[in-house]
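Chain nomenclature is as follows: A, B, C, D, E and F, assigned in order of appearance, with residue numbering initiated at 1 for each chain independently.
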């Protein structure tokens, strides 16, 4: 009961069938965290397969709510890929809601989830879960090294911000003229993390060891926390 | 299959055990709409009982995610009150997610739901449902007569806006310095309604006949729609 | 596996949003019992909120079976209040049937339940659960100090009975001309407890420490047991 | 919606794998009732197979709560036998609770159920269902011709009572010194039927046409109703 | 109730996000069949996405049972693509077992399913469903024009067999030295179809109108039936 | 996590209400295995009760798919008998699919299952489960002493084969002219066990201690394994 709980959000661009070696790295990192006594929820995004189904369904005239549900199911397929690779350390079924996540966690296993609901990113899911399970830390494993003042892939002079508060993070994200171009957190997720004062470590997820380092409290990537 | 679908969102300040007469009015309106061949989903908010449980749980140190879950369960109790009063016209169990709502609708009955998820209003639920079921109209039955330029309870010179688009609605809501003081729609709900171009009729819900009139296409309250 | 199991039934007049301090006392008592290695199921009644919904629904012409279902859902809201306050010591979802209760107990967490079925009190639920989980003791935390020869609030000369058997309990309850005026056990509950010879300790539930004392085997309140 | 609803309770001594011909008779009667526009719930008891499992489990030291659950599952096997024989007129899965029964009825099919809960007869189940679905009539198809002043198999001078109220039925049942020797209704079932004033027709179930006649309003067996 | 039921099995090589035009054709065919009063279950295979996840998971050391579960979930994603494109004619959730399929069919909607279980093809699923729902016909929409004496893509002299019985089909399949190279039916599926004497029409699924023609009883492709 | 997992398949001719003493023997063997730290899934067949329901339903014209579902439910009743006798060492509810089995195993309890699906034996279920949970051994407790060259009850000169591979087992079974006359493994089960190279110990199940001996690695009955 006195165990610390950590939620890790990994981009669907990273955990998917195209990157088995990276997934293997995560399997090893998560097993180690579990054996170190951490309670662990991993949230996985949708990625390429989600886009393929959404694009096809859009051509078929499917409404945007059902398009999002397709993307959610694709993210749950990525979650299943990771959960099966972690088996039997993992709970074998990706929960579909916060209620189911809380129930699955009662097993003491690593719980792997995808999306929950249309109109909401998997970062939003990660924030909801982190809040409800009293997580001490949310680690966001994304495609860049942390929070930059500008999109680092477009602006060579972009500067990594090592430490910031929720307000500054919201500002940086809202200023981005290229929404979605680099995956961080959406406004709803930030609102939840802020209201519950949950610290967030944002790291480069292509190297799974960054997540291990963040979990050990090392100063990797950017740290968002209450001032 | 060719039936039109309407989603109605009723404030938890209106449908609750303190107002049995108003609930009785809604029972009669919804039965009539159902018998006229409309497919109908009703979303009910939490109201007083939600606040009582949330306040008590806050004193007990419960985290904000679980506080929201308590509020959601309270809204589902209001939903159940309405569903039982509508029985057997209604599906007897309030669904807990968009997936379950779609399944319940396959019964052809009136489906009554409460909240779905922390960090989301029941207006957000109504928008999600309206989008996924291809609703032709969302009716928001709230505590004022429609959208005002300013909060009508504070500004005697506030003017009712009969017709507006999503952009203007978002502006009016964001300018309100008293968030939550009069219940309309939150930003996430507006984003969903806008992306799917779903018209929204906002009416005074203390008189159930306003919902009947809105469903018949009468010009009651305010209409938000694509320009 | 060799752990003793105790079922505690707490009146909905005691565990509800009006008494956060008392609920806090129970949280502390139940955590302690759990940490002492006891397996624990807590059954919570409906109380004021149940009555409010039932009264409103009766005015709406809802049948008595659905009225009871509303009361059950209200008791499950009280159960959720307690379960969330106990989280993560508790199973996060109140089971809706004996089957679900048995499944939830497999998690090793404290399980909190409300009502199960129309025509049955939560005392009946507590008896059913106690029997199916081989509980060594049922503690009934009620609004009086134990079993009295007469209703103590009406008869100043009523005498607390420290030790009695099921037959005598049934007799005392059936002689009461004010059914429901003081909450003990209904005939069905007694039948189940008697057929499985489960001892019952009836204590004043306004003071949570009475439950702790009963769990430790102290002679508090009344003890009903096989002769 | 204006359809009348009838609940039929058939003894597990009648609907079971030992009597395929009688079951065939019921299939034909129930299909006819369904096609006549009646909404129909059939409750089936446990019978011989229930007793076999209960007896074996008792020898294995299983507690009485779990013994009852075994009997309930056996009754659900009989329910399944009837439901499959009625397929596709029937809902294919016997519900396990009142909630599930209400959901299954939303399909418009004949719903077949067995037991719900330990400490409760399938007659109690039938009464609960009849109340919650606003049934106009409960037909109890049992092993004798109706309600007798005394057990007809022991007392040649026992007299069939054509018409009685709930109070008299309760009296006759409580006077029976051979509980269970002839299956009628238990006290809990009578309490529910009485509080909701649901008329009960008790007929000899070995001849399925008695149920058809009762459903048509013919004066077969005994009728229990409010005075 | 007197409606005929048809089960259609479509290869995952045909219904998937790479072929939106073909899926659109199926949407139109299935809607038409539904409106003609046919009860319809569609079984969809896994295809490319299934293989991608299985291949990645194999590299991660996942066991063959869980590999098959991944493939099943991928087939359910294809099923969802079709179901959402058919919405609201379809049941919105692909059932995961035969039990769930029977329940979903009680809605009267088109039910779309993927795989059920490791070690079993979706052709096996189609056979199981066809048997349990008393289907009058199973249509297998595959990648060739029907049953050939030899694999038509390897043997230019292969001859299409217009009419055959189950025994001959089994023989032709077992003689194929290239298992899986052209998708027809596996031995388990044939055993089930044979024992229940369900006729099977095997057609080229790249043209959805072949399924419409088969449903109308036209002599397209090959017909497998009892002699 | 490093615990070994064993799957035990016991014939429904052995675990059923007619043999309480043998069931008692199994309860003791399985508790011991559990306490020795083994993770354990037990698969139970249908036996006499399954046949009774299937025979009755066949007379009622029920299709073969639903007949198999009845047999599966009967096997789940036997599973429940064993699970309740093992309670609280067991998970209280027999899972209905491989997915549910994996979820139930997350509880750490002994999981008892019956059949999963028409057209599949409980030996097939045992093979599926053994593969998906990475079992180190499948023990088949059957009605003969192991694998014989011929049916031992018909051929006095039949010889027990102590050690064989999957290919030879398949050959022996396919040569049997009396399918089902002695229960071993069906072709689908062998295919799964072979592809995952899971060793199988086949023992006489009338004596539960044979299962204990097989679990300890003793050379009892026949061993099927990769060459």
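Please note the rule applied: a contact is a pair of C-beta atoms (placed from the backbone, for glycine too) under 8 Å apart; a residue touches a chain by one contact, two chains touch by 3 or more.
All figures in this text were calculated on a predicted structure; none of them were measured in a lab.
> Looking only at C-beta pairs in contact, point me to the busier pair out of A-C and A-E.
By the number of C-beta pairs in contact, the winner is A-E.
> Repeat of B-C among A-C, A-F or D-F, where over half of the residue-numbered contact pairs coincide, is which pair?
Checking each pair in A-C, A-F or D-F, only one repeats B-C, namely D-F.
> With chain centres defined as C-alpha means, what is the inter-centre distance between chain C and chain D in Å?
That pair's centroid distance is 31 Å.
> Can you check how far apart chain B and chain D are, centre to centre, with Cα atoms defining each centre and the answer in Å?
Here the centre of chain D sits 42 Å away from the centre of chain B.
> Give, as an integer number of Å, the spacing between the C-alpha centres of chain E and chain C.
Once rounded, the distance between the two centres reads 53 Å.
> Going by the contact rule already set, what residues in chain F reach two or more other chains?
66, 69, 87, 99, 107, 133-134
> Along chain A, where are the residues that touch chain E in the complex?
16-18, 20, 23-24, 27, 49, 52-53, 55-57, 59-62, 66, 69-70, 73-74, 76-77, 80-81, 84-85, 87
> Which bits of chain A are touching chain C when the two form their complex?
1, 99, 102-103, 105-107, 133-134
> Would you tell me which residues of chain D are touching chain C in their complex?
Chain D reaches chain C through residues 63-66, 69, 96-99, 116-120, 124, 127-128, 131-134, 187-188, 191-192, 195-196.
> What residues on chain E touch chain B, complex-wise?
87-89, 91-93, 104, 107, 109
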